[in-house]
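Here it is, the structure in full.
Labels run A, B and C following the written order; every chain starts at residue 1.
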Amino acid sequence: MKTRFTRLLASSLSVAALTAGLAGCGAGPKDGANGELTLWTHNAGNAPELDAIQEVVDAFNASQDNATIKVQAFPQDSYNDSVVAAASANKLPCLVDIDGPNVPNWAWAQYLRPLELSTDLSKHLDSTLGNWNGTTYAVGTYDVALSLMARKSDLDAAGVRGATIEKPWTKDEFDAALASLKALGRWDYPLDLGTAGTGEWTPYAYSPLLQSFGGDLINRDGAQSADGYLNSAPAVAWGTWFRGLVEQGYMAQKSGKDSTLDFLNHKSAIVYTGSWAADKAREALGDDLAVMPSVDLGTGPKIGGGSWQWGVSTGCANPEAAMDYLDFSLRSENIAKVAKATGTIPATDAAAELVPGFEPGGTNRILMDFSKKFSVLRPETPAYAFISSEFEKATADILAGAVPQKALNRAVKNIDANIKSNKGYTN
Amino acid sequence: MNTSLAQTTLPNPSHDDPAPAPQQKTSITSRYKSREQRTGWLMLSPAVVLLVLFILIPAVLSFGLAFTNARLISPHPATFVGMDNFARLFTDETFYRSLVNVAYFALIVVPLQGGVALLMAILINTKVRGVTFFRTLYFLPVVTSMVVVSLLWMFIYSKDGLLNEIIAKLSFGALQGADWLNNPSTALPAIMLMSVWQGAGFHMIIWLSGLQTISAELYEAADLDGVSRWQRFRYITWPGLAATRNLILITITIQALSLFTQINVMTQGGPLDATTTLVYQAVRSGFKQQETAYASAISLVFFALVLIISAIQRYLTREKS
Amino acid sequence: MATILETKTAKVPVAAPAKRRRIRSLSAWTVRVLLGIVFSFPLLFMFVSSLKPDAQIFGDLSSIAAFLPVGNLSFENYSAVFDRVPAARFLINSIGISAVTVVLGVLINSLAAFALSRMQLRGKGIILTLIIATLIVPFETLALPLVWWVNQLPWLEVNGFSLSLTTGWLDTYQVQIIPFIANAFSIYLFHQYFESIPKELDEAARVDGAGWFKIYSRIVMPLSGPAIATVSILTFLPAWNSYLWPLMVVQSEELRPVMIGVQYFFQLNVSWGEIMAYSSMITLPVVALFIAFQRSFVNSIATSGVKG
């Protein structure tokens, strides 16, 4: 019976291998072949943003007869896992939503085709363009900007000067402000930098602080090594300072799940949050709300640039229609529609005119100024996906009390090994 | 095997088998037997084919990848790199930390969860009125998804969460609970406790199915003799559960070694690698870091470890009985 | 066994068994109740919180009120859930996927266990060991190669009256069902249970001319209620709770199961009340199923008289 079992095993294996071989040759029909293009987006469960995108798509479908776009929404937290799994099986749709820093990785893997748009992208915020090797592979209709929010009344009570875009807080000023706020005794922790966040939040929120100290995630010249950047003296100073905020009782090692809500509920005095929370906070606090730039920790305030962007997959059977849709979605009124729904910064000045609050002199215009003045892109290299996860771990370790130099050295060692094993990601 | 029986179950005697007449008896038996073989394989084959298709083949694929430099996303085809991934793994300090964590977890959770589950199974293996209700209560955590359970317990374990409130109230404010999940020395024990809480009901059901194969007459006889509860357990229940015990031991061990979801939701391996595990490390490498081949190498080492541990357990339990 | 019992019981004084039994029963009840509290309080918290607005959930966290339906209660979170997630669709999908997995799982695994337990198969010990060895492989480590693999598999598609051969199982119902039907754990449980059913029953049936399939369907399976119930529940749970797999292989919203819905709530502003409401909603069907099945758990062989 043993022989029969092995025979059965062998035959099922060979049948399996055969089907695999056959199937490998002719994968299923390509998306877009029959004039119906699929669009994947990251905002399932986020009705305002999804509805805005659906409206743009509906308008496009109604505007011409050549192609129909179908929206397929995924939940944000797991979006990347879903899409990468589909990509590894060669099942990407024509139009995909991508988090900006991942664009070079996908372009390198040949999942994205270079954009061929009739829109003039030179008037768009730089941080809304997904470039790699001098080619644009993705374009976003909005960006987001991080800021420090506080109540003016609290700052006054502690005798702290409000930071402005012309005169941001210096590191010493910021530390002194935290000490005075803490001395008021109104909060367990005066500062909330959103330390409960995981995943891409960590590099998005904290690598600009590292850059303000003078460190960086990688040597941006060629992007071949992180040595001397992520583990440099300024980077270690950042780590020591960051952990110091926890040790001095200025912020929690792990904050609450919803920093904005905690801030509005008087659980913190200063919250580090984005443009998406500005409207909600203003509604609750009115004129008492202070929206301030991030801290100048040495080389000027920095914030992360680059949010969700759109690209066209290489497997798309009808790239012309996909490009047409992108051009359509980049019309000012469509950019404005999405920005309004999501509380984000519209990609162009022309669109900004159409979004209440973002017109010149508007209450939210300052966020657009932060983005223009302070934003730094995460390194535009295919290695970013790996760098991001290493930085996330190093930051978590430092917050939990690891020796910064050691944690950062380890990240550098892993990043450099990864780049080397991928032949420098140069193709 | 008796021939008349075989004949009655052979409805078609003209089944062609040119056996010589003198040996007719045995040939019918063997024909019956080969029919039994065929029917047996027919019954077995759907399950075997599915297991081959969806466990064996992907496992072989995965293990094959461990010797290449395959990536989740890459324009370059994978090439054979020999033992490179293993060489890297054996110099990775997180790997050794994972081993220690998993061993610690298994050593505590296996006896604790098995014991609690057995206690519950015995408590509800009666026909007393009202017990049904408790059976449902004990099983509630099992029917709740681990993702949801992990979210709930993050509330319980948070610094000003439920657990610390209870500790403060019970000690009249004298004791202040820890920041359970953010403290390297309490994070893993906290996850152990939650895992036992979530999983015990499952093994209660397994114990229960074992308890029910023990004849009620034995207990009735024991009751007539008025034996103590402990004696009842020691001399009837425990020996009657021998087969179930092995199953429980193996499944809880495998469950403990495969620790992943709780870690992924609650701690991401932190603080300071205090809760990192092999499966977590494999998923992080394979998904987030796109290093498919390295993840496969971790899986292969994991598989080998579980195999060794199961073999040891089998050997030990066999010796006892 | 009997001799051991006799020698042991001889040493026990036979005084006041009724009183002792009462104390025993009282202590057993105390333990039952304590365990009951421990095992249900987080879920009580979940359900109670699902009726409260977010601010109050956090406000009540530091007192017993976290477990009590007090304050500003409403079903608002539940109606908000339906605005955010196609919950009805997800529930129907999960019920369908789980039900088919359970039915096919019980059938296929019990057949395999039957062959291994009742029939004279050569090498069956080795086969059983090999089957159990598949338990060792955690699903997470197989997931990635499996995604690639199921995308290579063929499928017969039925369109009205025409059949067509398609390739790739991604984004279908079958990809959520078929890989999880055969299960070593279920086979083992059935096997263990079948072993306790006396083999004389089969032999008697064979004398009456019954074939193996008849013995399986008319004798062994009808006596295996508790095993079927156990396997059903244990197959249903992972099918219902599956999360990582559908995340990777299902792209269409129409085909998604309930657990993916949990992710819909983790947006910039997390609504904990809605998460609690959704969690309660997706837990309830499983509890109901368990209550429906649990009668079978106690229908032991011992009491049904098969063993005697």
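Some points to look at:
Keep in mind that, in the parts below, a contact is a pair of C-beta atoms (placed from the backbone, for glycine too) under 8 Å apart; a residue touches a chain by one contact, two chains touch by 3 or more.
Computed from a predicted model, the values in this text were never measured in an experiment.
Should one ask which of B-C and A-C has more C-beta pairs in contact, the pair is B-C. Greatest Cα centroid separation from subunit B: this falls to A. With each centre defined as the average position of its C-alpha atoms, the distance from subunit A to subunit C rounds to 39 Å.
One simple way to say how far apart two chains are is to compare their mean CA positions; for subunit B and subunit C this gives 14 Å. Looking at subunit C, residues 121-122, 127, 144, 148-149 sit in touch with two or more other chains. Within subunit B, residues 37, 41, 48-49, 53, 57, 72, 287 each touch two or more of the remaining chains.
Residue positions of subunit A touching 2 or more other chains: 1, 81, 88. Residues 54-55, 58, 83-85, 121-124, 126-127, 144, 147-149, 151-154, 166-168, 170-171, 247-249, 251-253, 260, 263-270, 272 of subunit C are the ones touching subunit A in the complex. On the subunit B side of its complex with subunit C, the touching residues are 5, 8-9, 11, 33, 36-37, 39-41, 43-44, 46-51, 53-59, 61-62, 65, 72, 119-120, 123-125, 127-128, 131-149, 151-153, 155-156, 160-162, 165, 197, 200-202, 205-206, 208-218, 221-222, 225-229, 231, 235-236, 239, 243-244, 247, 250-251, 254, 257-258, 260, 279, 282-283, 286-287, 292, 295-296, 298-299, 302-303, 306-307, 310.
Those residues of subunit A that touch subunit C in the complex are listed here as 1-2, 5, 19-20, 22-24, 26-28, 40, 43-47, 72-78, 81-82, 85-86, 88-91, 93, 257-258, 260-261, 265, 276-277, 280. Those residues of subunit C that touch subunit B in the complex are listed here as 1-2, 4-6, 8-9, 12, 14, 17, 24-25, 28, 31-33, 35-36, 38-40, 42-43, 45-46, 61-63, 66, 108-109, 111-112, 114-116, 119-122, 127, 131-138, 140-142, 144-146, 148-149, 178-182, 184-185, 187-189, 192-193, 196, 203, 206-213, 216, 226-227, 230, 233-234, 237, 240-241, 243, 259, 262, 275, 279, 282-283, 286-287, 290-291, 294, 297-298, 300-303, 307-308. Interface of subunit A with subunit B (complex): residues 1, 4, 8-9, 12-13, 16, 81, 84, 87-88, 105-106, 108-111, 198, 252-254, 385-386, 389-390, 393, 396-397, 399-402, 417-418, 421-423, 427.
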